[in-house]
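These notes open a run of structures that come right after.
Shared chain: chain A. Partners: chain B in the first complex, chain C in the second.
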Partner chain A sequence: MDWTKVFLSILLLPLVAALVNMLFLRRNGTTAALVSITAAFFSMVLAMIALFKCTERYSVSFPWLSLGDFQASMGIYYNPMTATMLFVVTFVGFLIHVFSVGYMSDDPAKGRFFTGLSIFMFSMLGIVLADNLIMMFVFWELVGFSSYMLIAHYWNTEEARSACKKAFIMNRIGDFGMLLGIAWTYWHYKTVNLQALEVFSSQPGFVIHGGIALLLICGFIGKSAQFPLHTWLPDAMAGPTPVSALIHAATMVAAGIYFLCRIFCILDAQTLEVIVWLGSGMVVYAGICAFAQTDIKKILAYSTLSQLGYMAAAVGLGFPGLALFHTTTHAFFKALLFLGSGSVIHACHHEQDIFKMGGLFKKMPLTTALFAIGTIALCGVMFTSGYFSKDAIIEVAYFKNTPVFILLILGAFLTAGYMGRLFYVAFLGSPKSQNSEHAHESGFFMLVSLVVLAGMSLIGGYTQGWAPFARQLVSGELDTVHHQIVSLQAEGLFSVLGILPWAIGFAIALLFYGIGAKKDALQNHLPSVYSFVNQKLWFDEIYGFYVRNVQQRFADILNFCDVVLVGGLLVRGTAGLVGVVGMMARSLHVGNIHIYVYWFLAGLIIYWSFAMGYF
Partner chain B sequence: MDAYYSSFIYLAVFVPLITGLMLLPMNTSAVNTTRSIALVGFVVPCIVSIWFAFGFYTSSASGEVYQALSSVDLGLEGLLGISLRFGLNGVSMPMFLLAGIVGLASGLYAIATAAHRLNLYLALLLIMLSGLMGTFASTDIFFFYFFHELALIPTFIMIGIWGGQGRRTAAMEMAVYLTLGAMISLVGLIMLYAQAPAIKTFNLIELKKYFQATGGATVLADNTFAMLLFGFGILVSLWPFHSWAPRGYAAAPSSAAMLHAGVLKKFGLYGLIQIAAPLLPIAGSQWIEVLIWLALGNIVVIGFITMAQRDLKLMVGYSSVMHMGYIFLGIATLSVAGMGGAILLMFAHGLSAALMFMLSTSVYRRTHSYDLNEMGGLGQQAPLLAGFFIAATMANIGLPGFANFWGEFTIFIALWNQYPWVVVPAATGVIISAVYGLRAVANIFFGEVSQSLKDYSKEHPITDIRLGERVPAIILLVALLAVGLYPKWMGDKLESALLKDYAKPQAVAPANVHVN
Partner chain C sequence: MNLEVFKVFAESNIWSALWVEIALVLLALGLLVLELVLPANAKRTIPSVAIAGQIILLVLASIQLIQMPDDCSGMYFSQMILQTPQSAIMRIFFLLGGIFVSYLGTVYLARRELPKMEFFHIVLVVTAAFMILVQSHHFVVFFVALETLTIGFYVLVAYCRTSSASLEAGLKFLILGGFSSAMLLFGIVLLYGVAGNPLLPGYSTDSMNFSNLATFITQNPTNPLVLGGAVLVLVGMAFKIGVVPFQIWVPDVYQGAPTPVTAFLAVCSKAAGFIVIINLLNGPFLGLSDVFIPLLAVVAGLTILFGNIAPLSQRNVKRVMGLSGVAHAGYLLAGVVAILCGSAIAHGAIIFYLFTYLLGSFAVFAVMAHVSQKEDEIQEIDHYENFAKHNPFLALALVCGLGSLAGIPPLAGFIGKLILFIAIFKAGLYTLLGIAILGVVISIYYYFGWIREAFFHIYAIGERGTTDDREQLVDVLKPTPMHALAIGVLVTGILVLGFYQGGLIDRLFYML
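Our next item is the complex of A and B:
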């Protein structure tokens, strides 16, 4: 089989769909949906064929621009990482496309929505396949754009208006560092090809440049919404729920992690240390922030931030395979949770406040059950997919870095806490508003996606069942972890640690919040703590202050200088000087013969006095 | 074969001129005839330039990078060494193509408008276009300058007659600045001529050979380069000689602004790349440090000033000034990669700036306001216009897929090799431009419909983008995408020409030039 053609088809099918939709099907949303879904379906089928049949590393490259020293190319580098990610992106992507048919059924701008989804699929698959940093950067920016476009879907709302801008600019700030990093890589390592970098870095005497690594990870910080650029992700929930599921939970934000894994060979120890702390800090920070959220999607958004923290910590601890393992399982259960919340929101007439839901288990039993599966997978309950991937990361932290280990355990506990709160309040008890009173089970298109994702959330963690080529990614690292744990005789500890955090978390949430609560218990009993958590360490306020009072003021001052000094004094000044001289000269020529005689006499006197030596 | 090809250059240069002159005495009421004649004048250069761009063969047996060379003696050859010489190389081809495409787009846009004294309006635009095609096709530096003036003068007239608010002052300021810049660069060009007494010609190709053989590392050469740098720099709105540009463009009628900001402004940059830097590489390297600082002024200072604008058209004007900074930085590398990136960005910026000017006028037609704080929610009534505007903004801020990205990216990479610390402030431009670009989009199109728009639309119902606006916009976008998606086809031609001019000077340039 000609794999180049297969990979190119996987990549280009969504692009073709996007073009067709954009040019011909703007007003015909249903057909546009069909086109996009077909493209996503065939991409998925081809990705699955590749996953099982293409069992060797594969690379191909096409020159794209050559100007003297600058050579850019586009290419494909296929390895176990690529195989896994391709499957995850196309599989989850396809299911979310199907879900969207139901969810967006009454949206007037369906054509635009599916165009956006297809552009996103194209861009994301470009990142996954890219064989060099320049190509990655190209698609990196493109996913930023598709995210912008999809967050702005409800463009007449104030929320979307500021959220899309914020997401794009925050990503651009990260990309700024990444761009510098790529330029430096280009001249320092003399190549930006990922495979070549892997080969070089394995040679003896190769020294990793720490500065380059630090600049490159800025891209990750922006895209995966890590500290200090994390504030865009919760706001991005202004987009339609399928978008939140696909882009802001399962795939795009995970692209940052994927990028780290792709360039793992040129990350030095200090940079990895930075990543560990960023990640484990985010695990706890986002976990705490989630407690003050009442919007079901924002709770899940903070949960995503927290889970991205786990992945980052895994990379930082030197286990990129485990990071991608968690990325994979997370894609399944977080997509499930978001789509489940989408199903709820759709049923409750776009009500997103969990304290106005309640009692949904009676109205939508299937959605509730599937959401519960997502919840236990996220919390890492035994034998679900999250259990395998998250616990592996925690085990690594146990023998690598104790403070991080404690943070990650704390994170697991918090996860169960806020998910328990969400589940008890929104799904159990009795309805708390008209909207939830009249909720009804969702339609076929939405439920079928949820069922498939729930299945994957349950079994996705059994790597024995993975395609052999993709399993190479994780099997070695899992064995290492297992041996370490055995040699430290910590199996007993971990059989307890695999249960305690979520068990305690669920229990405390149940005791504290109760079933079907109408008010937030934390807000009632400890308002000061609640408001502190709700402030999220004032990041938005600080950035807002900076933009309004520093950046804009500075811009205004420069503008003033430009108008007054350059435009006014220098230009008008010069012109004015000429004008004044002209005016003075003109005042001498008034066309009156007497005046001219006086001027003549005055000139004569001056001339005479000069000649006589009086001057 | 050259005679065959060069005859098409004559078509591209003189068809607009002749049609333009034909329109001048036309009856103002014969609108349809006027439009048809003008259409011919706009379409011919575009077709010729596209045909050249695709049929352009990179290197001939003799290694000569110029194609379609021709020369007509107008009686000045023996006396001064001036002839009407045309020819295209990999550097001028993209500019020639740019002039053809933007010419057609602005022409179609102008044809569709109902300007009063349409025949005069179109005639001036056609004369401008003729001058543009001639400038980039000339291989004689006298005619290179002559055609530039031919294009420049109609601009002033057009601002004076059809301009918007404050047109008098704007036209005057622009005229003073541009005449000054043109005069200084003319002196520089004549100084070049004077330094080659042995060949006594304005023929660029001969001059290049002469200067590359003799070196030209003298004080005179140094001053010549300075004249060219600042003369051309003023024409390109090099900071701090920029203040004419935003206000001038704000006052100019859209088609004139499209052609000037998009194409004519590139004259100075083109002069630096095609004439000043290859002829005087050593003198050039003496001025690099100054150029870099001023270019950073363009990016950072003007970038912040752009953020402070509340008037859409001024914002677009300042943003166009800002992007000149990247191109200057590309030129400052004096390397094949940097120059190549500069040309790519000139091409891209020409298209995207024209598009932005055009679309902001389209916005104005619907809202009757340029005030960004008063607008809002236009996207609901004009979704297609919003789509075009977003695409133009994305091109302008260098999103991959549009040609601008390759220009900026190549420049950053090329610059890093020589002046890594310059890349850091320069690349902040990608954030700055995203800030103001997206803010404009959000303020105009997103959110709820603003009060002033509601009031205005009660009496003037808002329609989506019309055919006369859509076609030019599509032409410009397609060209941006053609280079943005697959830049190699243009890059290869560029490289072949640049390697000839810049591969060697790079080696002899003094190594001690650096920016602290």
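Our next item is the complex of A and C:
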């Protein structure tokens, strides 16, 4: 089989769908949905074929732009990481496409929505397949653009408008560092090809440049919404729920982790240390913030931040395979949770406040059951997918870095706490508003995606069942972890730790919040703690302060320069100059042929005197 | 001369070398015959025949270009015709130009009561003349080809006989063109005379031939007659490409001429002028490089500045295109200077730039042809108000065309400018490069002013109510499927060349 064609088809099918939708189907949403879904389906089928049949590393590269000795190329580098990620993106992506048919059924701008989804799929697959940093950056920006476009889907709400800008600007800040890092990579290592970098770094005497690594991870910090650029992700929930599921939970934010794994060979020890602390800090910080949220999607958004923290910690501890393992399982259960919440929101007529839901288990039993599966998988309950991937990371932390280990355990406990709160309040008890009173089970398209994702959330962690090529990604690292734990005789500890955090978390949440609470217990009993948590460590305020007082001042100074220097002198001056030139031109272009002929003669004389050396 | 001499001459008359040109002229004559023999209701097909014929020739010429061996230069017709890879590439260029001008002609003529067939006839003849011109290696052929196309243009510019603007433009073009031809001819005569003087070293009995002239000039670079003649020839060509101070005719003629003819002048005539200048400066006038490098560098800088500042206050889009075309001539002239300064890639960069310029200009002119009203010379920027809302496809073509002309990535024009500027940089012409970049920055103002007019509503509170119920000011022709296809080809070309050149540039560098 010609794998180049297969990979190119996987990549380009969504692009074709997006173009067709954009050009011809803007007003025909149903057909547009069909086109996008078809493209996503065939991409998924091809990705699965590749996953099982293409069992060797594969790379191909086309020259794209050559300027002298600078060569930029477009290419594909396929390794176990690529195989896994391709499957995750196309599989989850396809299911979310299907879900969207039901969720967006009454939306007037369906054509635009599905165009956006297809552009996103194209860009995301481009990141996954890219064989060099320049190509990756191109698709990186495309992903940022499609995220911007999809967050702004409900552009007539103020919330969506400011959220899309915030997401884009925060990402741009990170991307700027990444761009500098790429330029520096090219300058320092003389190549930006990922495979070449891998080969270089395995040679003896190779020294990793720390500055480059630090700049490159800026891209990860922006895209994966890590400290200090994390504030955009909760706001991005203003987009449609399928978008939150696909882009802001399952795939795009995980692209940052994927990027780290792709460039793992040029990350030095100090940078990895930075990543570990960023990640494990985020695990706890986001876990705490989630308690102050009442919007079901924002709770899940903070949970995503916290899970991204686990992945980052795994990379930082030197286990990129485990990070991608958690990315994979997380994609399944977080997409499930988001789509489940989408199903609930759809049923409750776009009510998102969990304290106005309640009693949903009676109205939508299947959705409730599936949401529960997602919850236990997220909390790492025994034998679900999250248990395998999360515990592996915690075990790594146990023998590598004890403070991080404690943070991660604390994170697991917090996860069960806020997820327990969400579940008890929203699904159990009795309905607390008109909207939840009239809730009903969702339609076929939405449920079928949920069922498939729930199945994957349960079994996705059994790597024995993975395709052999993809398993190479994790099997080695899992064995290492297992041997370490056995040698430290900590199996007993971990059989307890596999249960304790989530059990305690669920129990405390149950005791504290109770079943189907009407008010937030934390807010009632401990208002000071609640308001503290609700401030999210004042990040938005700090940025606001910075923007108002530093950037705005600077902008005022620039504006002054603009008005006086540019506007006054340059523009008015240029306008004056242009006016003079224009007058001259008008006097030249009088339309009088005599003048033109004399002008010609004058020109001739000037040329000739120049040639004769009189000037 | 005896019979043997003629035999020797005749041996190099390989007519098949000029098959494209001959086929074009035959096609042109065929159109005349069709006009005579076809019944009145079948005459509508004549433009299609012209276009189809050119497309077939384009395909054949492209096949020939692709299969051409690396070393394919050849002299024919007693050294009057010199065929190089460049001339083969330019054949493609002029055929493309001819095809798109014919397309624009069908749009233009659809709205007007004018003779239809003659337009296509003249376009074909002029296209053939362009091809001969860039292959000429002898001043006689050179002049004959130049006059053939110039006379064709006299007719084309004044084609709209019912419009006083078109007639006025035709008259101006005739007088100034005649004037420039006279200068050119005077220069040729001077060179012929001085190079045939047996008292001077390197003289030749056939001093119209470029090779002989080159030998002579290298040995007599300071002879005043040589300098005078060369300057006159250069001025004659400077008129064709419209560089300072010979740009004076450009706005008037571009505005008055029918839109397709404006496009033809702006793209093909300019390209032919540049190829001729490169041929001359790299050939006969190589010995005068020391004189011409500073002269042309100054002219290029002034041309860039003039061409970019003058359109800033223009509201008539045909004048904007004309004046911005002057700016493009400036960039190209800077590239020519880079060739003289020994930049290896400048030649290929100029050719590539010309192709991107062709795509961008024709995309814009195609939109203009659809917007143009009965008075073709009155095409104001205001006519583009609310344009994008009512004509999204044409607006896309407009954005791609203007963006490419302005050199915005990722469109073809950006790559064209980038390579050209790299060539100028490598030649060490830093001041010129600075002026060129400054010019590009200025050009964004008027190109994007036009785009802004087409795309963004300008709120006029209290005057005409909300923007949504405002209609177009002018009646825009809806593109027919064939025209949409032609515009689609242009837009695709702009986008594809912007994203991916597929080694095309390397190939160009290698061939030239």
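Methods note: the second predicted complex is superposed on the first by the 560 of 615 C-alpha atoms of A that agree within 3 Å, B and C clash if a C-alpha of one lies under 4 Å from a C-alpha of the other, contacts with A are read in each partner's own complex, and residues count from 1 in each chain.
The working rule: contacts are C-beta pairs under 8 Å (C-beta built on N, C-alpha and C of every residue); 3 or more make two chains touch, one makes a residue touch a chain.
Given the structure is predicted, the values throughout are model-derived calculations rather than measurements.
Looking at the shared chain after the overlay, A:N559 reaches chain B, while chain C stays out of its contact range. Look at A:V597: by the touch rule set out above, it reaches chain C but stays clear of chain B. Looking at the superposed arrangement, the partner reaching more residues of chain A, out of chain B and chain C, is B.
By the touch criterion stated above, A:W64 is placed in contact with chain B and with chain C alike. Within the superposed three-chain model, A:Y607 lies in touch with chain C and out of touch with chain B [touch as defined at top]. Using the contact criterion defined above for the overlaid structures, shared-chain residue A:K165 touches chain B, although it does not reach chain C. With the contact threshold set out at the top, residues 63-68 of chain A are in contact with chain B in one structure and with chain C in the other. Chain B makes touch with chain A in their complex at residues 172-173, 176-177, 240, 242-244, 247, 301-302, 304-305, 307-309, 335-337, 340-341, 377, 379-380, 383, 386, 390, 394, 399-401, 405-406, 409-410, 412-417, 420, 423-424, 427-428, 430-431, 434-435, 438-439, 441-442, 445-449, 486-488, 491-492, 494-495, 498-499, 502-503. Across the complex, chain C is touched by residues 63-68, 577-579, 581-582, 585, 588-589, 591, 593, 596-597, 599-600, 602-604, 606-608, 610-613 of chain A. Chain contact summary for the complex, chain C toward chain A: residues 168, 171-172, 175-176, 179-180, 183, 224, 227-228, 230-232, 234-235, 238-239, 244-246, 248-249, 251-252, 288, 291-292, 294-295, 298, 306, 309-310, 312-313, 418-419, 422, 500-501, 503, 505-506. Residues 63-70, 72, 109, 112, 134, 137-139, 141-142, 145, 148-149, 152, 155-158, 160-162, 164-165, 168-169, 172-173, 175-176, 179-180, 182-184, 186-187, 551-552, 554-556, 558-559, 562, 566-567, 570-571, 575 of chain A touch chain B in their complex.
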